[in-house]
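Structures incoming, each one as structure tokens.
Two complexes, one shared chain (chain A), two partners (chain B, chain C).
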Partner chain A sequence: MSRRYDSRTTIFSPEGRLYQVEYAMEAIGNAGSAIGILATDGVVLVGEKKVTSKLLQTSKSTEKMYKIDDHLACAVAGIMSDANILINTARVQAQRYTFAYQEPMPVEQLVQSLCDTKQGYTQFGGLRPFGVSFLFSGWDSNFGFQLYMSDPSGNYSGWKAAAIGANNQAAQSMLKQDYTEDLGREEAVNLALKVLSKTMDSTSLTSDKLELAEIFLLPSGKVKYQVCSPEGLTKLLLKSGVNQPAAEPSA
Partner chain B sequence: MSIFEYNGSALVAMVGKNCFAIASDRRLGVQLQTVATDFRRIYRIHDKVYIGLSGLATDAQTLYQRLVFRHKLYQLREERDMKPETFASLVSSILYEKRFGPYFCQPVIAGLGDDDQPFICTMDCLGAKELAKDFVVSGSASESLYGACESMYKPDMEPEELFENISQALLASVDRDCLSGWGGHVFLVTPSEVQERTLKGRMD
Partner chain C sequence: MECVFGLVGDGFALIAADSSAVNSILVHKSNEDKIMVLDSHKLLGASGEAGDRAQFTEYIQKNVHLYQFRNGIPLTTAAAANFTRGELATALRKFCFGQSPYFVNILLAGYDKEVGPSLYYIDYIATLHKLDKGAFGYGSYFSLSMMDRHYRNGMSLEQAIDLVDKCIIEIRSRLVVAPPNFVIKIVDQNGAREYAWRESIPSV
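And then the complex of A and B:
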């Protein structure tokens, strides 16, 4: 096990790598995964919740999806305590922008500001980087619907379909194969569920392990962030045929 | 002349039975010169909480923007709207933050609580809350509003009667104040719906 260039985030190894940042990405590889797909009429986010114990109180609201502003939401993979800090700053940033300019913050600008924060922790003062990857989805008047992915190094990029968390590479390649241009929101949901069910470690996809959120435009032109209810998810799973009801009865 | 009367304003909120109304005049002036005749001083915070800001219009707008900022963050963190009482405390604390360089505003806050109980309150520019069970007033026409509301208010009014009374009180009062007038805006809030009405009065 190497030690010399590990202990500080701010020091390059002779091969030109930042180990702490790479370890942070490793940490995310074990987290519950999330998939985002850009559709023509919206953005779809699907996340896998890791159910650690049945005694654990499941929160009434979402665990992996967070609304940042009326027109912006994100899905998280990684260390939740780190994520909470970043989500908080993101929300404050979005409101500061609105306070200053009296209009909603452009999506990329928010992603960029958050990634600046992340980057700072890979360069300055003996701290560790944030162990979080995000999928940002949102709508703004300049570029319409957008989907961004960010990692602990502070890199971000725009995607048509992206996956973070456990087995993200497998998911990514499946998305690459099955993604088509001009995908509707409903088809995007189906695709996301299909990919998630195949890349997840657990055998069957059930509504209590799943979160689904969508961003789309209402007929009035307002942006809507909508989280799917557990009942709605169960129906969706049956309809999409991802969840075979004929599976062997659980012991 | 006081900075509170620079733009001129009239604000009033009244409670009825499981409802409330909040009303303002429509004039924005610079001392005796009228600048706008469709000015808004009442802002919606969410469906059941409204705030009217009398006093210096520029401070009122900035204060409102700060309140939106804080309320939005509250909504995102708590995943619910603020109760009127909570919102009043927020306004109060934001005003007191500027104790030695205050916003020149006197807010009127009105809202419906969880069990549809109406809540109204006003405060001075430093955030000292004044709660009332019947009506609250503020602005350059506040003195005449006190008199008008005192004689027209009745407990447990139904929405339509409440609208009539608050409108009459407002129109009667602004006619006795040089700095406010040009009709009015009335928000009538019941548990099921919100009605916004524009009043025509003496348009001069």
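And then the complex of A and C:
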């Protein structure tokens, strides 16, 4: 009986739910988490890299953070193969906009266009939804720094601080507790690291399990997307004090 | 024959255009408005083939409106100019299936909070220039010379209108096929609007 309404993506259950979409969100709940915080002078994205095997070569570049355009970046939680498709679409959209208007695409418009794609997969039959949540961060001349969260249903919303992926509810409530309006970028990084250190499964935070990216304005007024190096991260972890020297070597 | 010209002043931009609708040697109308109010802070002065002008300017206007409805923010003048240029450029390569490019030359004036007033020149082969003063049509031979001589940076509205009147007088006195009537529109922080008509014969 329970299989009646979840075998197709586009059919409502009698309670008015779309099970496939909910399952997709469930899939994201198991993925490495990511946290985004809007600061007064930028946006901070922190992500947890799941180390699945000791033998796996961790990628030199980022694997959770993606630059979409010069003024826009996103953090991903969910099925990476799905995400790659969406990230590609997003990049194409951003360049198409620049081609048409010779101006960077406003952040919300990009988020919206991507969510339209996601929504399509909840309505047209025979296809499964994208199992991906995004945190978009960016800057545009109309609304300054912005942070958006999107889910597989194609919904998106703007946030001051948001978390996606494993343990996102715990992270979200911690953010709610500790977020203040006048957070600077440095403090935002500290807060994100603190929250992540408490919601992550592993006992100690190390730079190889983390990714940190920031978007801010250079003195010239240009938008800068900057990914923190592993060495920089180690220093930051020590400074923020979230990483008490672990007694046992991390496995 | 056609005269469309415009200039940027201190905190405003203006466009002036003749208002004659002609075919061959016949004047059909002398109060044809060739300057479209594109949105609240943009003016689109156009010259060229009459049908193309109406079709293309309206197409641009509707797309600019659509953008605003979809996104809740207006296009900047620069973005609108680039969009217009892009549409012209796309149409330019469409000679097949009975389609042909638009024969329209455009002056786009606008006012943006961040950059102030600006004027863009877009011709029918999709050239785009940002200018302080520009002109199209037979009238341009005279209005450009007039503006070269008398245009100054940061002109007041009064000085600018005076210059526009100088241009119109020059066109009327030196151009064989001079149009009788002109319309002047301006755009500043308060929006785009009609400023005045310069009519030497009653409108027909």
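Going forward, the second predicted complex is superposed on the first by the 244 of 251 C-alpha atoms of A that agree within 3 Å, B and C clash if a C-alpha of one lies under 4 Å from a C-alpha of the other, contacts with A are read in each partner's own complex, and residues count from 1 in each chain.
Throughout what follows, a residue touches a chain if its C-beta (ideal position, glycine included) is under 8 Å from a C-beta of that chain, and two chains touch if they have at least 3 such contacts.
Source: prediction; values computed, not measured.
When the two complexes are overlaid on their common chain A, residue A:85 makes contact with neither chain B nor chain C. Contact with chain B, but none with chain C, is seen for A:68 once the two complexes are overlaid on the shared chain.
In the superposed model, A:109 lies in contact with chain C only, and not with chain B. Using the contact criterion defined above for the overlaid structures, shared-chain residue A:141 touches chain C, although it does not reach chain B.
In the overlay built on the shared chain, the residue A:238 is in contact with neither chain B nor chain C. Judged by the touch definition given at the top, the superposed model places A:99 against both chain B and chain C. The interface of chain A with chain B overlaps its interface with chain C at residues 99, 102.
Against chain A, in their complex, chain B makes its touches with residues 65-66, 68-69, 72-73, 76-77, 79.
Chain A makes touch with chain C in their complex at residues 99-103, 106, 108-109, 141-142.
By the touch rule above, chain C contacts chain A in their complex via residues 71, 73, 75-76, 78-79, 82-83, 86, 114.
Chain A contributes residues 61, 67-69, 91-92, 95-96, 98-99, 102 to its touches with chain B in the complex.
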